[in-house]
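Paired with subunit B in one complex and with subunit C in the other, subunit A is shared by the two complexes that follow.
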Partner chain A sequence: MNKSKKTAAGVYMVIPYILLVIVAIVSVFPLLWVFFAATHTNTQIYQTGMAFALGGNIVENYKNLMEFSNIWRNLANSIFIAVVYTVLVCLIDSMAGFAFAKFTFKGRDTLFFVLTCSMFIPQQVTLVPLFIQLSGMGLINTLPAVILPSLTNIFGVFLMRQNLMAYPSDLLESARIDGAGDLRVFFTIVLPTMKPVLASLAILSFVQMWGNYLWPLIALNDRDNFTVPLVLALMRAPGQVVDNGAIMLGASMALLPVVVFFLFFQKNFIQGILSGAVKG
Partner chain B sequence: MKTKTGIAIFLSAALALTMAGCGGAASSSTAASTAASAAASTAATGGSDIHVASWNNAADNLSEIAEKFNAEHGDNGKVIIDYVDSDYSKLKPALAAGSGVPDIFQTQNRDIPAFYNNYGLEAFLDISDIIDADASNWVGFALETCKAEDGKYYAIPWDIGPVAMYYRTDIFEANGIDPATLTTYDKYIEAGKKLKAAGDYYVEAFNYSGSTSRDQFMIYLNQLGGQYYDADGKVKLDSDEMLQATELVKKFMDAGVVMDIPNAWDDRIAAINDGKLVSFVYPAWYMGTMKNSCADLAGKWAITTMPAFEEGGNTTSNAGGSILAVSSTTANPQLCKDFLEYAMKSNDGNDVNTKYGEFPSYTPAYDTSYFKEANDYYGGLKVNTIFAEQTGVPATTWGPYFVDVDESMKTAVGDIILNGADPATAWAAATKDAQGKIDLKG
Partner chain C sequence: MKDKTKRKLVPWLFLTPFLVLFIIFMAYPTIYSIVISFTNFRAGKFNFVGWANFKFVFNDATFLKAVGNTFILMLIQVPIQTFLCVVLANFLNIARLKLKGMFRMLSFTPVLIDAVSYSIVFSLFFSNDPASLANTALGLFGVQPVEWVNMVWPARILLVIAVTWRWTGYNSIIILGGLQNISHDLYEAAELDGAGPVKQFFAITIPSIKPVILFSVVLSVTGTLQLFTEPNLITSGGPVNSTLTIVQYLYNTGFKAFSYGVASAGAYVLAIMIAILTFIQMRVTKEKD
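Up next, the complex of A and B:
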């Protein structure tokens, strides 16, 4: 009797795992397929039942990819843009969030309200004015043109403010009494405790910028300045010749940094989400 | 001045931060080389360089022409090809801003009237002089689309999409079907039934949901000489021709000889590679795709005239094609014209166009030896010559709001094929819908 109860409980324990395994297979399958497809010819990819086995065309695919664009250069561009953007967004947004959470100044709440309202402006509306502005600055077709416009990430400011609201003000007071200036308080007292939420923001910003397509498409002209998503998308544009083998190889190369980045910050990411959930 | 200093400080801060952030070497060299390439592109030889925006292998095609052109005419600036998307996402903000517009840009043939209308003719450069010189040498319908309301040309026709019938020679032969006898769609469908009985074979494929299958309707409509507007310029999708085209689509489906290809582009290629789709009526520009994506089937396919609606009826139609338009903001109009003349009117240029599968719309190109060469993929047929005989279709009036007409068409096609709606009612509703949207735009 006792034993059968135990078994029943065991079965219930197993069910979630089975479900999770199924979901894992479903989500990993397309990623694996991309890696395998990168080694096949375009024709093989279109044949149903392309085996989950390595093909022999990876060298040819690499050659075709490089012929379209120097993919290493494009990867470097993508990494440069995503990393600079991520670092700056984390810095600016945490500072702004700190100011909104802990400083009292005239019009603070109105200003914050206006800022959050700006999240409602669709990106498409801003394209033409942004283009005019940046071409006036002579920045079109340069990498900063991709980074600058989205630096003030309002979502990030909001996220940081919500998290910093719960930060004990007494701690700030005592630091100030000990003679620390605002900047010092921020960098040495506040920021270290914000690591989990900063990691969340970093992952979100990095992934967002890594996959960013529309604005870089408009702002960049030379293939040497392109980011990886641009190269892949333009190789896929309608036309007679689409070399999916080369595209899949490029996609594999683009996937790896994101996977590495996520694994690196994964622990913090989950912590950040949880801490936000409790405090927010 | 103040903002510029601010930006400079900001950027150097950004750069410094990245160096700390990701170890430096790679990122700083990226920034440095970006600056170097920006400097290089502004350095002109004589006149200023021009940029041509194009996509995919059309851009590869232009790059090869530009390379030859630059080598021969390098003293008045260079021609540089920029790769862009085919949805015009990159082009439209620049045109709206009136700055940063590429000197020359590609659009689909049917889209150029909308560009003329949306951005005004003053946004374009009049290039009538290079077209009027020998206007009769162009395929009529292609040239007609480039002509603006004022009778001038602000764009030059590039490729066209004459339609013919692609078929598997081995499978037709094994089943005793002589393609020369398939002169009407009725006979074609009968042959399809015979093939279907012999194996898992289909003689046509389109996407039942309508999102892309209206291409098939457009091919039939053009073959029947139909238009999208009536004599007064009002949308008319429930024309006799459209209803006849719809009837044919239904016949194909009722006979069970057509495949549903939900993801039209990729599924068509897969169906060909799987040996299920053994014949279909499609434009010339598909040859390049087959050669590239269905390489294993080389030598097994051939091309012949498409069937007619009735015995002795019209067997020509056109689907797709593109044009190159010139921006009025160009700093070097002469170089733009010289390049377009070379790319579209010289034999050297058109040989490259032919090589890349951009079927020329300049008819003297049809006499070159390169154009007439046998094509091994299609069993040694002179395929270009076969297609060149299919270019006499009447011009289609696309109008400035074809995007709206197109949207309504997609809905109607899905309604008719998937939901079994009555064709006359569905097309009447689509007509009203499209005209309503156009009226709103005034």
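Up next, the complex of A and C:
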């Protein structure tokens, strides 16, 4: 009886395993394909069989890619934008989250309500005014034009507030009695205990900014200032002689840092998604 | 007294960096956008035109088509994805599952690749070429090659497949978070009452994860309403505008034709649609409780 029950359960387990293996393959295959395709010629890429072998065209692809745009410069732009954005979001949002979590002040609830409402306003509403504004500031076609508007990351404020609310107020009080200033208390005592959630916020922000397309497309118009995704999209624009080998080489240069980053921090990544869902 | 005022300023000290940015780059442009939507921009000047831009948008066949297309994509994509997510999350939550961490990790790798790269990859997988990956796969089942981006429904299906590929794993992790918060006692009690796994699933699991499912649906609805990169790069909105989305329309009017007023009016129409849909979804799930 017991034995047959076990086998029956074992049979039921086959279905999840089959589905999970299929999901895993389907999920990973396109990413791996990017790296393989980077080594093939444009014609080979249209042939399905090439996905499982390395080709010999990587040098040629690199030459064509560099001829189109200085991809290293574009990669540097991508890194600069994503890193500066990530650091600033973590800093600014944790400070704001701290104010909401640990202080009572006039207008706090109203302000919080306004922020909650503005989370539902789609980014597209601000595209035209931001473009006019940033042109007026002389910032269009500079990297800060991409970073600055994105810094209004309300999700980050909420995430930090949630986590900072759990920080014991007694500890804050005793640190204050010891005469430490509020900023110093925050940065030397509170923030170091927030490392896990900061890591989650950092990873989500980084990946989001790394793949950002619509706003950079509007804010940047000089190939030298482009991020990698913008260059890749431009390489396929109408009127271009499309070289998919070169495009996939560029795509793998954009993908590799994220994959490495992810392998190191995957726990925080999952945690970030979960915290956004359950608490936010 | 002086000390007290000083203490009152402390929270504002922490809030200032965020608030300054919020006011300049969010609050101000949001309001400015309302003003722009009632004007037209001619020779460097904004002229007040009343409701003309809104009237234009609602009478513009292209805009209406874009709204229709976007809703078609949403109405197909979101239910499929949500169903897949609930199944996948439940499988990922099986207690005896081996290699759990690996399966979880692999299932959301699709969000790692940037939107542009993955769109290009999908346009290659589903190219019109008879030798493309999708057409080769169909050939195994004796199906003739499909001209994916030249036909209305194949182009739409292709976009649905691409978006579902990208977001199913991510949303499954969200739903998995809800599953992990269900107390084991509930299941044990149900088992003592003689409830089988199917009954347990519908009586305990589904009601418990309703809030996370709602969250995932709201995210997906909002996300599909704002689709841009995929239709822009995979189908270019074609054939004959049959996959043109709302945001593509806004981009084309605002930044190709430079009709700022029309683009702002359209953006507000989109914002109102998102607000209404979010509100409805929240109401629907609340009423059932």
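Methods note: the second predicted complex is superposed on the first by the 239 of 280 C-alpha atoms of A that agree within 3 Å, B and C clash if a C-alpha of one lies under 4 Å from a C-alpha of the other, contacts with A are read in each partner's own complex, and residues count from 1 in each chain.
Heads up, the rule we're going with is that a contact is a pair of C-beta atoms (placed from the backbone, for glycine too) under 8 Å apart; a residue touches a chain by one contact, two chains touch by 3 or more.
All values derive from a computational prediction rather than experimental measurement.
After superposition on subunit A, the partners subunit B and subunit C collide with one another. Once the two structures are superposed, subunit B and subunit C can be ranked by residues of subunit A touched, with C on top. Once the two complexes are laid over each other on the shared chain, residue contacts for A:121 go to subunit C alone; subunit B is not touched.
In the superposition on chain A, contact of A:96 is made with subunit C only, not with subunit B.
Once the two complexes are laid over each other on the shared chain, residue contacts for A:132 go to subunit B and to subunit C alike. Contacts of A:159 after superposition on the shared chain: neither subunit B nor subunit C is touched. Of the two partner chains placed by superposition, only subunit B is touched by A:83; subunit C is not.
Residue contacts after overlaying the shared chain place A:183 against subunit C, while subunit B stays out of touching range. Shared-chain residue A:198: touches no atom of subunit B or subunit C.
Of the two partner chains, subunit B is the only one touched by A:41; subunit C is not.
When both complexes are overlaid on chain A, the residue A:65 reaches neither subunit B nor subunit C.
Comparing which residues of subunit A touch subunit B with which touch subunit C, the overlap comprises 46-48, 91, 127-128, 131-132, 148, 214, 218, 233, 244.
Contacts from subunit B toward subunit A in the complex involve residues 4, 7, 10-11, 14-15, 17-18, 21-22, 26-27, 29-31, 33-35, 37-38, 41, 51, 55-58, 60, 82-86, 89-90, 93-94, 96-97, 99-100, 265-266, 269-270, 273-274, 285-289, 292-296, 356-357. Residues 41-43, 46-48, 73, 76-77, 79-80, 83-84, 87-88, 91, 127-128, 131-132, 135, 137, 140-144, 147-148, 214, 217-218, 221-225, 233-235, 237-244 of subunit A touch subunit B in their complex. Residues 8, 10-15, 17-19, 21-22, 24-30, 32-33, 36, 87-88, 91-92, 94, 96-97, 102-118, 120-122, 124-125, 127, 129, 131-133, 136, 165, 168-170, 173-174, 176-178, 181, 212, 215-216, 222, 225-226, 228-229, 232-233, 247, 250-251, 254-255, 260, 263-264, 267-268, 270-271, 274-275, 278 of subunit C are the ones that touch subunit A when the two sit in their complex. Residues of subunit A that touch subunit C in their complex: 13, 16, 19-20, 23-24, 26-28, 30-31, 33-34, 37, 45-48, 51, 91-93, 95-96, 98-99, 103, 105, 108, 111, 115, 118, 120-133, 148-149, 151-152, 154, 157, 182-183, 186, 207, 210-211, 213-214, 218, 228-230, 232-233, 236, 244, 247-248, 251, 254-255, 258-259, 262, 266, 270, 273-274, 276-278.
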